[in-house]
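Before anything else, here is the set of structures, which you'll find just below.
The two complexes that follow have subunit A in common; it is paired with subunit B in the first and with subunit C in the second.
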Partner chain A sequence: MKKNNIRFLIVEDDEMIRIIHKDFLEELFPNCKIFEAENAAQGICLYFECRPHLILLDMMMPLMGGETFLEILEEGHRTKILKEMPKVVVVTAIKDVKELMAIGKRFAVEAVISKPLVQSQLKALLEDWIS
Partner chain B sequence: MDTSKLPRMIDFSNAPVLDMKKALYRVHNKQELLEKVILVFKKNLLEKKETIATELVNENWESLKLISHSLKGSSWTIGAQRLGDIAYAMEKASASKDLPLFNHLFTILQNGIDQVFNYLAENGL
Partner chain C sequence: MNTQSKNILVVEDDPLTRQLYVNYFNTIVPNYNLYEAENILKGTCLCFEKKPELVLLDMIMPGYGGEFLLDIMEEGFSKQILSFSPKIIVISSIESAEELMALTKRISVASVIPKPLPFDTLEELVKLHLQTE
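So, the complex of A and B:
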């Protein structure tokens, strides 16, 4: 992934957390494009419209949660509708360890980070992926 | 119901109302950004409080769990540890559909929200 023109999608129901994520990404990658969705339904629409390279995904959201979002991505890959899988980082306040491990094992998930987000953790991941 | 077993505000009082140092850290020590997110946080707190009251009447547990979970995440993010802890207890109470406990915690939460607002006002936010 190249640093210039990288596209991010933030799927998060909490407006305040979206603002914090966005500021962090803009500071790290000044030329990036950021798209925002309040739930997974909006997120899927934006995904097909904008084809982000990297997605920050919350799991528990109203209307449609992150679980469905991941199922759609995985189905898209299985049926070869999606040629390239984006990198999905789940950022969640779920505390149940078994649940977190199950999320981490999913095909579509690259990493799971607990809320409150420690930005240095995310920064290290991103810098590893993005040149 | 044995009310002596229900949690009290004092059970959550070890956690700070708002840890400003943590809050600033979350926003990369940007005072302007902190003021912006606090405004949003306050607006959301009031909205969520109203939604909880409505959903509680309907005993919509799925929705109550989602709102409590969301409140927990945003509160912990901004350093409102005590409110986040109360919301976490509410999330667990909604998962077990425990109406008396949830109702009781909601009263504590409302006190907790008042404490956050007072703290912010005292700090000019």
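So, the complex of A and C:
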């Protein structure tokens, strides 16, 4: 992934957290484009319409949670409808270790980070993926 | 109407019924590409990838039902995210008048037709929504 013109999608119901994620990404990648969704339904629409390279995904949201988003991506890949998979970083407040491990093992998930987000963790991941 | 695509999507879990619908569309609108999904997750992917003009959507399927796609489309419409606006014809075996009314009023739903499908009615609806005549 190239630093210039990189597209991010933030799927998070808490507006404050969305702002924090956004500020952080803009500081790291000044030329990036950021799309925001407050639930998975909006996230799915934005994913297909804007094709972000990287998605920060909350799991627990009203209306439609992150699980649904992952299921869509996985079905799209399984049926070869989706040609490219975005990198999905799950940012979650789930504390149960077994549940966290299950999320981490999912095909569509690249990494899992616990809330509150430690920005250095995310920064390390992003710098590894984005040149 | 979206004039760029010439696609129709059929979302129905029963393979025989699905085939019946596909054959039917191939007969009445042979110039359209037909896409099929046996579940709503695949149906959602195809809907966004192929941007069909018309979606024939079964409401009751294993796992997520047709409501799932309607919810997503409505979020997309309300936030003005979507670049396309398919006509969604819902096929429903729901018998409660109240539920049927609620379904008909949904902003993403163009028409509701009962199951088993009255093909004469469907033909009229397809021609109306696709403006093929």
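Just so we're on the same page, the second predicted complex is superposed on the first by the 131 of 131 C-alpha atoms of A that agree within 3 Å, B and C clash if a C-alpha of one lies under 4 Å from a C-alpha of the other, contacts with A are read in each partner's own complex, and residues count from 1 in each chain.
By our rule, a contact is a pair of C-beta atoms (placed from the backbone, for glycine too) under 8 Å apart; a residue touches a chain by one contact, two chains touch by 3 or more.
Because the structure is a prediction, the values reported are computed rather than measured.
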**OP:** Quick one: classify A:A93 as touching subunit B (first), subunit C (second), both or neither.
**Re:** first
**OP:** Check whether A:A102 is in contact with subunit B, with subunit C, with both or with neither, and answer first, second, both or neither.
**Re:** neither
Subject >> Touched partner set for A:G76, first subunit B, second subunit C, both or neither >> reply: second
Original post:
Where does A:M16 make contact in the superposed view: on subunit B (first), on subunit C (second), on both, or on neither?
Top reply: first
**OP:** Answer with first, second, both or neither: which of subunit B and subunit C does A:L117 touch in the superposed model?
**Re:** first
Subject >> Touched partner set for A:M1, first subunit B, second subunit C, both or neither >> reply: neither
**OP:** Would you sort A:L46 into first (subunit B), second (subunit C), both or neither based on which partner it touches?
**Re:** second
**OP:** Examine A:M85 and indicate which partner it touches, taking first as subunit B and second as subunit C; both and neither are also allowed.
**Re:** neither
**OP:** Could you pull out which residues of subunit A sit against subunit B in one structure and against subunit C in the other?
**Re:** none
Subject >> subunit A-touching residues of subunit C, taken from the complex the two chains share >> reply: 39, 41-42, 44-46, 48-49, 64, 68, 71-72, 74-76, 79, 81-83
**OP:** State the interface residues of subunit B toward subunit A in the complex, per the touch definition above.
**Re:** 26-28, 30, 33, 36-37, 40-41, 44, 63, 65-66, 69-70, 72-74, 76-78, 88
Subject >> Touching residues on subunit A, where the partner in the complex is subunit C >> reply: 39, 41-42, 44-46, 48-49, 63-64, 68, 71-72, 75-76, 79, 81-82
Subject >> Residues of subunit A touching subunit B in the complex >> reply: 13-17, 19-20, 23-24, 27, 58, 60-62, 93, 95, 115-117, 119
